[in-house]
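First chain written, first letter: the chains are A, B, C and D, and each begins at residue 1.
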């Protein structure tokens, strides 16, 4: 099977005043894989994925998605191209119900413009399906803000799923989850991976090792290493980086 | 009339307007800077100051100077106390929610306006100037009292500056302005600081009202105009920035005077209100603030 | 498909009750109800932006005024028939609110409030500045022959009380049903999304600026429609209607009734109008009472009457 | 907060509280349900929408006092056609929308026989069409020429105060021959001011004079000094007419600016209604001239009618309240309320009016009146009434400020105020 590059960055940089948060990163993501990005605190992981999703503009360099240069596109346009992003800190509509939360995402895909597009029934069906995929099918009418934290994280994923993205970026998805919830979460991500490429920032190495096909290590804004889980765990530079500044 | 005296007059008028504006706008700016509250009732404090000055003049026997000095003392104290109470009773209770405070201060505006109508009646009330001397130029006469207001305004602004920079109260205010949470952690009584700031802001407006009332009459509807102009000044100068506010007051005061030499004043007002809107849209940090500093 | 059937039923019932009221109420209350219905349309327009999209404007009088002047001036100077003038009023306020929205929506929160306030002030001053056309402060009384029009062969006489009431009711009902479909459908969902969490909505792929612009334009257009209706029904246009006080009235009516509820504006307009109407005969301080109510509602019932009911008992009351 | 605010004025607070408590009672009162209504035929009810609040409040207060004084006289004389007269006052906030609402309230709830007492022209312009639609006789105490220009309808009358057009055109000959022919006009930038500008320009040109500058000042203005340089040096006469709360500032700044080398100054007393002339800021007005419809200061040749009028309303010889010499009346306008009430009385008596069913007869009677005689009922003086234009025409006064008092130096004839009819309301249907 030929390798198809879904996403690529070339010389990607982002500077905040004197600080180079992301520094000349060349990065390639294969279609269909699960890629984990790890690195010590302050390595620039979140900034990097924010550049991919378009939440912040790059200082220099390019982001190429499915062969198209998206470096100058605003975030919402990139979402429509198929890059979905879930936030590190839970970011949902707390006063709306679970179903309404997911419906908003489903509407983005099924009825992308203010006029025309799919009808309400179709949107609702798609939202229900996404909710069931993450195991929230029984809580459609609950107010999102009242959900347990673990369920809110799942809701985030369901919203991402409802977009049916080609690339789903998960920013520290398991933070604050219990072990049982994490196990369920890993299952959900695997299921998602059948249809979408997944890019996950994760601190929990167990999760990383359980999920990732390949791992990218960032340190001080630079790409330190990349490889299979086995290669990375054996990499001396990575160990040095982590020992120098424990995660 | 030739252009030169025309411009001289416009310049003088602009200066007087700028100095009064400086006081009202600084009050508004201080309240916004420290408390993040947009006080729509600010003009009504100005109006109350003017009406109290009239009451002092009307009920205190003796030369007009006595009434004027009394007004200069009583008006800011009374208005300050009222503002303090309003802050405790209303603004604090809604937790200074930005949109909520706007709605509540609109409520205060109606209450104060109607209260003034019931108390002082609807007539425009004239107040004697503490002294009455017309400076004559070859072309026109000019009230010396108006120049006096410029001097007093400058003194008061200097006083405010000293208060903010040199006194403990000022330090508390600046600390609260800088970071409310940290201020709380350092044991600064933020609630009291807020009430004090709201009161001081109102007092600035009240003093402006006292100063202006020998030039213009006290009237229960007089608060709207200075409110809008103060908004203009505060926004052009950069929300919460005191030096910016002063610079903007001088700019707006002078340009308003000069613009209306060449254009219809209504047109000048249209232009200046549109300017505010456009500054907020395209340069929200104000015209005089260095970019990068949090407005 | 009707999404929120209970609400739709309530709306139809409300319209039916309003229709029946004209046979039960005193002459004066029918007249008062006519005014209330028109002002409620204004408040509904305001509610679209404030209640549903979460943007608090302090300048909606400019849209009310835009509709009022566009409709009134076209009738006054060109002698256009009432329906044509009405349409001109709607189109003008749509265009006006679209342009203002393009600019004002670059800001949010407090800046947005002040920007709308300033634009409205400039618009108000413009009605004074161009007083040679607008009649300025004194305003213009529309000519008597602009007081009737024919509709489907029927002569509609705007001086007849029942005609006025039923015309106002018909337009109110149309706007209400329109509002129902806007707010309870996909567009309304987007408005709720930008209100509740704008950054998240952007990250779901929506151009939130456009969503807000849609809300702003609909809101301004409906407010302008109310202005056009007022001007044509009452035969007078004047700059007072573009003044700050009318922006606050829309805010007040919406806030009292319940922002983000379809029937809130009607309820708020009714309560406040009748309160002021009764109080003004007793005391000159009725505006003071308005002030007190603003402060109290803001303190104790920031969600208004229907908003509080929705929170406590009827979650479908949107 | 409000408690503190009203601390010094117990009376006011009490009145407010009374208002609030009785509010509940009135909300539940009859009249809101169909069928319940005031009984016709037991009294004559007149609706009085006064400017109790808003920019017209200074006028509204005195209009109300004058109306109540006239009401007492009328009822003491046995009412109208044997029926007692009631006046129902509502505040219109000097606001056009509220003006209309109050008109509807008078027509449909109180079911009054006529409405009278509106002054400010924007409120009148909004209310007049509604009055016609509600078939409610509507008596203006305004001055605007709008009525006589034909813009309103057959239900609107102005039976006492002369309109601006007449006032102005009757002043022009005297100004041109006594004060000078080069005139600078200063007026408010809206229709009321335009009436002055247009009529004065025409009238002064007819006298061989010339308007050398016209300065329109927007109603939102609070400071005026910067307009002053626009007054040309060759001006013989400054003609000013300003309204609203800032007028005193205007007059004061005019004086400051001009100093002693001033040209002649002629103003409409509107610029100083409800303002005490005897204050230091206004010393410069000494020797200047004012139009007055009715002289504020009791003149040496004061008529008995004027004396009675002052006593009834509670105004002293200086035009101030008997109880507070600083509380100056809007004397040059408020007589119109008094006279309007007596004009209504006269028309009702002619039509033997007993209830709302006879409104048209009453208005036709009003249209048939040719004029009113000076006397207790018409203290301002004789006047002609034009049944076609629904407008009255009376003597106008020019007064000079002498020792801080206004002394009449010229009284125009009624003929000076006449102009060709611009409309004929009798051709309209009711």
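In the analysis below, contacts are C-beta pairs under 8 Å (C-beta built on N, C-alpha and C of every residue); 3 or more make two chains touch, one makes a residue touch a chain.
Quick caveat, the model's predicted, so the values are computed rather than measured.
The chains in contact with chain B as well as with chain C are D.
Two chain pairs, C-D and A-C, are compared here, and C-D has more C-beta pairs in contact (counted per touch definition above). Chain closest to the overall centre, judged by the mean of its C-alpha atoms against the mean of all protein C-alpha atoms: C. Distance between Cα centroids is largest for the pairing of chain D with A.
Measuring from the averaged C-alpha position of chain B to that of chain D gives a distance of 36 Å. Between the Cα centres of chain A and chain D there is a gap of 75 Å.
Spacing of chain A relative to chain C, judged by their CA centroids, is 43 angstrom.
Counting only residues that touch two or more partner chains, chain D has 2, 16, 53, 189, 218, 220. Taken residue by residue, chain B touches two or more other chains at 90, 111, 114-115, 117-118, 264, 266, 269, whereas all remaining positions touch fewer. Within chain A, contacts with two or more other chains are made by no residue at all.
Taken as a contact graph, the chains fit none of the simple arrangements: neither line, ring, star nor complete graph.
The list of touching chain pairs reads A-C, B-C, B-D, C-D.
Put simply, chain D touches chain B in their complex at residues 1-2, 4-6, 8-9, 12, 16, 53-55, 57-58, 60-61, 189, 216-218, 220-223, 225-226, 228-233, 245-249, 252, 256-259, 274-276, 279-281, 326-328.
The residues of chain B lying in touch with chain D in their complex are 1, 5-6, 9-10, 13, 17, 58, 81-82, 85-86, 89-90, 111-112, 114-115, 117-119, 121-124, 126, 128-129, 132, 134, 136, 139-143, 215-217, 219, 221-222, 225, 257, 260-261, 264-266, 269.
Residues 2, 15-16, 19-20, 22-23, 26-27, 31-37, 52-53, 88-91, 93, 95-98, 100-102, 104-105, 107-109, 121-122, 125-126, 128-130, 132-133, 144, 146, 151-153, 189-192, 218-220 of chain D are the ones that touch chain C when the two sit in their complex. Of all residues in chain C, only 1, 3, 185-187, 189-190, 192-193, 196-197, 199-208, 210-211, 214 touch chain A in the complex they form.
Of all residues in chain C, those touching chain D in their complex are 23-32, 35, 125, 128-129, 131, 135-144, 147, 158-159, 234-236, 238, 240-241, 245, 274, 277-289, 292.
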